[in-house]
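Right after this note come the structures.
In the two complexes below, subunit A is the common chain; its partner is subunit B in one and subunit C in the other.
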Partner chain A sequence: MDATPKQKWSLAAVSIPVMLWTLVPLFWIFSLAVKPQSIQADNKYFPREFSWENFQLITTGTASDLFNPALVNSIVVCLIATVISVVLATFCAYAIARLNFPGKKLILLVSLAVSFFPVISLVTPLFDLWRNIGLFDTIPGLVIPYLSLTLPLSIWVLSAFFQQIPWEMEQAAQVDGATSWQAFRRVIVPLAAPGVFTTALITFFTAWNDFVFAISLTSENARTVPAALAFFTGASQFEQPTGAISAAAVIVTIPVVILVLIFQKRIVAGLTSGAVKG
Partner chain B sequence: MSTVTDTPPTRRRDQHRPKLSDRARAERALGWKLAGPAFVIMLAVTAYPILQAVWLSFFRYRLTDPDSREFIFLSNYSVIFTDPLFYQALWNTVFITVVTVAVELVLGFAIAMLMHRIVLPRRTLRTIVLIPYSIITVVSAFAWLYSFRTDTGYVNGWLNTLTFGAWDASFDWFGSWLPAMGVIMISEIWKTTPFMSLLLLAGLAQIDGAMEEAAKVDGATFWQRLFKVVLPNMKAAIMVAVLFRTLDAFRIFDNVFVMTRGANNTETLSTLAYKQTIDRVEIGMGSALSVVLFLLVFAIALIFIRGFKVDLAGSK
Partner chain C sequence: MAQIQLKEIGKTYADGYEAVKGVSMDIADGEFMILVGPSGCGKSTLLRMVVGLEDISSGDMLIDGKRVNELAPRDRNLSMVFQNYALYPHLTVYENIAFPLRLTKGAVSEEEIKRRVADAADMLELNDHLERKPANLSGGQRQRVAMGRAIVRDADAFLFDEPLSNLDAKLRGQMRTEIARMQRRLGQTTIYVTHDQTEAMTLGDRVTVLKKGVVQQIASPRELYEQPVNLFVAGFIGSPPMNFLPARVEGNTLQLPFCEVSFGDEFAGKVAGKDLVIVGLRPEFIKDAAIQEPMENAIHFEADVDVTEWLGNELYAYVPFEADPSVQAKLDELDRDLDGEGMRTQMVVNLESRSRVREGERAKFFFDPMLMHVFDPETGENLTRNEEAAAKIAAESEEDRKRALDRAKRMEAEASAPA
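Right after this comes the complex of A and B.
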């Protein structure tokens, strides 16, 4: 839809408070990260002095042994969990949205139940089991419970997306002689790609966000960033490590912003080129 | 292109068996082939812990004292339902859920519309808006905690300036129930509105633009187009977004934990369960609370699916 210049500018004006609402806390964390310890509690939004001491503390200083491996672990664990979940969920959600077979309601109900079961209560028995079979504090030991967060979420979100797909195109392909599988691969997959990408984003961030599993099922080798952050906070009871936490937060935000940039291009392209308009 | 002729004979043969056609049976088989792996893996990673939690909730069981583990059946539940602490936590959880989801739906939809239509800082806006969702909840909680705290924060100073000194610059946001809940909810809303927007934007983008164009040509106002064309066509996306956010908000934990740790009656069901399980290592009681929390969540989900007809299975 073509917007008039007036609409264009008023929309641009409206976007400013929206962006400010998002950016004010973000810049605040950056501000805290670059404030030297001496002015950490000066109640000023903008830093009067810049210092890299907080970043040095976590990347090369005393907290680096905790932070650097945690960053690597977070990326590895979340990527593996995301890929597994989205691939499996794509097939599952297609079947649920499209095919007639007994038990699909059950799958959705179970997904929902699994997806929203309080994480804390999954942790206690898993802790016990993982220690017994040697999965405690390993990458698979985190990926597996993460699937309980990411897999049902992927199935639900993708099912909703797939419901809105114009299925008559698949039928058209089948009338033209394509098998179910061909119709799925050649017609539905390209139509579904925007939903799949959006789901991949959501799934990744869900895994990235978890800290209950991370803090309960790891000790040193597989510890992820949220768990490491929690460790910073517990370092001293009376002195908040505000700067170190903020610096770590800034660092973990950067790869995510890059990810958002990469994925966003495809999401925008995919979502806006609606399938019906073709 | 020419294989269309294969279909009619198949149909004719199926008429002799009214129960299941070959095609329907093949569809069933394909359905489970596609959905099976996801379902089995999902069950495998959760069935054991879930059943174990239910089982453990029937015991008086402290990790520090495993020998005195005792089967007490539903006693943990009767303790929970007679404890005012539970009802305070329940009320806080419901309060946070209703307020945040309502605010997020309106805010999230407005932002989704903006992202959908905006021309100029289009890419920048979309990128910036999505960032909070990708930020770890713990980080968001710290950002807002440090914003409002009297020792590090700037919010009191800003409010003081905006009100020409009428606002007490040393106001303790975490000293009483309502302000503390307010800050918790601000962080929750800030962090999760993008999730709402993302889902709603995806729903918006799936709408056939020609329909809205047609309504516009026919003279429909903005609000008419919104309520008669846009919203009905993205009902599925809206309901899923609201359902997910409601259930997610209901187990709010990270923000409360970082900001107040349940002080000043800000305990929620999840923090209560955590305290029982981890702090007090009362595995039985913690499991019972978790089961109660789960049943509440399950009930909400059922209400959505049955009551509001959120039908992901897509049966007509």
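Right after this comes the complex of A and C.
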């Protein structure tokens, strides 16, 4: 689809306010993170002084024993959740797209219905259950709810991708001498790669940004960054930990930005080609 | 190389639709067999049953005498070219061709793969494109890659599913000769599905004409053209198609729309009891009396020419006529079977290009009654089919095929012998 110059300009005119709308708060966080403690509450949008004070505080200073383990937990939990979710969703979506079995529609509907439940309504029963069976404050205790949160969407996105891949690709592979598994791994998965990347990113971000599960289902051992931020304290009880929280927020945004930059092309291809046929 | 036998093969879908009914055929080692018919005749289904992508509902399929009904496609060792090529878009041309060789780990060494892909690429003139992705290739190049993938492996037979239908007319002609050359050179058993009768006539050693899942005739192209078994085969083979004219039987003569033809006693028995038959006359058998000397026994007639089409090498003249309503129903049904549009009844005459016949004028024609076919309007059966002549044509074609195959093998042996 080629846009005429006029269309391009009008699109730009619409997107600039949207970009401002989203970027202003982001820059505000950055600004707070680099302001030294002394001018934290000066009500200025642009920082007049620049310091690494807040970053030092959370990485090596007093807040480091709260932040560093949380960062490790976040990375571990998110990676595990992403890998499991992508593998399960790929198999499940492939089965839904390719095989005819009774209850296929039901599975799709149920997986959609699961994502209807508000997260907050699940937390309390999960908290009780996890405490009883010993999953409270463990890494699997977080990975499992994240899977239930992300699998439905992943399955829907991926099955749309698989349905677009012509049947003949697979039949050609079979005639060429491939087993079903070889056809799946060597032909279908590479062709669905944009979809696989898209679902991987969706899963990663969902888990990375989650606060409700993280704060309710963990205490010391498996706490992730979003939850850890809530436990930051100022130097005295009269001081707000705004600077430290902002610095932590900046740090946890970095991996997200890097991931998006790396996979930018693939995500765009993935999100659009999943939606538009042909 | 293999011999493929189908015995009473049938396909019934889950909804009860019978796509293929009791098809039997023997395809000899190295033979080029064509499956042809109008859309929906079951030819593609039959091919997919041979390769194993569709289950066989009834009957037996044998490759080299071994029953393969239950084998998965990968265990049948057949290679197939799909209608839309089914190339792997994420792989380069080289990797696409090498794909079948890489599937069994360690079975083929990397050098062997390289050599075989290079051979295939040489034969198909793909050397300049090996590093490109299929999306950047033209239709003809994609087609050749698909063929490369089929020949790179030592498959027992090649199967083609309408491989040329996505190409434009010029390329189709080139690829057609390319396929014929490749098949002769490799001497490989081949089954080729098409709805295009030019491909069927030019490529095949033998052609199977299918209609609604039933085999009508399996014969060499020449036999199909000269000795069709029924109305359907006669109408399907030949371009422009055979003219079908209603004829009234009166004593020992046939009353055609433009003329009458008398016949001898030996033929009278066949039409006895029928007062109406369908006469089939190929457009190219009707000649312009103004420029050609009629043969002794020629039938002459005059007719008003409605439209003419001059094509440079030949001239088509269209002569409308009124069909008897009692035969009209049969002709309409035949037209539908042949994917026709239910057009007006007209006779096509294929004349030499120097003919001076012009549209809107009355012209004089003649034809040789010996070349005429007479069909039973009820069953469609060809009453004038000459079994003796048919057997002779079949024997000749089989001999031609064997000679061509021997020649190809000899040339192959000479080419590979050390110089």
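The definition used in the following text is that the second predicted complex is superposed on the first by the 209 of 278 C-alpha atoms of A that agree within 3 Å, B and C clash if a C-alpha of one lies under 4 Å from a C-alpha of the other, contacts with A are read in each partner's own complex, and residues count from 1 in each chain.
Simple rule for what comes next: contacts are C-beta pairs under 8 Å (C-beta built on N, C-alpha and C of every residue); 3 or more make two chains touch, one makes a residue touch a chain.
If you're wondering where the values come from, they're calculated on a predicted model, not measured in any experiment.
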{"item": "First (subunit B), second (subunit C), both or neither touched by A:Gly177", "value": "both"}
{"item": "First (subunit B), second (subunit C), both or neither touched by A:Met169", "value": "second"}
{"item": "Touching partner for A:Val225 - first (subunit B), second (subunit C), both, neither", "value": "first"}
{"item": "Greater residue coverage of subunit A in the superposed arrangement, subunit B or subunit C", "value": "B"}
{"item": "First, second, both or neither for A:Val187, with subunit B first and subunit C second", "value": "second"}
{"item": "First, second, both or neither for A:Ile254, with subunit B first and subunit C second", "value": "neither"}
{"item": "Which superposed partner A:Ile133 touches (first subunit B, second subunit C, both, neither)", "value": "neither"}
{"item": "Doubly contacted subunit A residues - partners subunit C and subunit B", "value": "175-177"}
{"item": "Partner subunit A, residues of subunit B touching it in the complex", "value": "1-4, 24, 26-35, 37-39, 41-43, 45-46, 48-50, 52-53, 56, 111, 114, 117-140, 142-144, 146-147, 151-154, 156-158, 190, 195, 198-199, 201-203, 205-210, 212-213, 216, 234, 236-237, 240, 244, 247-248, 250-251, 253-254, 258, 270, 273-274, 277-278, 283, 286-287, 290-291, 293-294, 297-298, 301, 312-314"}
{"item": "Subunit A-touching residues of subunit C, taken from the complex the two chains share", "value": "51-53, 72-74, 77-80, 82, 84, 86, 88-90, 99-100, 103-104, 149, 153"}
{"item": "Sites on subunit A touched by subunit C in the complex", "value": "166, 168-169, 171-179, 182, 186-187, 190-191, 193"}
{"item": "Residues on subunit A engaged by subunit B in the complex (per definition of touch)", "value": "1, 3, 7-9, 11-12, 14-15, 18-19, 21-23, 25-26, 28-29, 32, 40-41, 43-45, 88-89, 91-92, 94-105, 107-108, 110-126, 129, 144-145, 147-148, 151-153, 155-157, 159-165, 175-177, 180, 194-195, 198, 201-202, 205, 208-209, 211-212, 225-226, 229-230, 233, 240, 242, 245-246, 249, 252-253, 256-257, 259-261, 264-265, 268, 271-272, 274-277"}
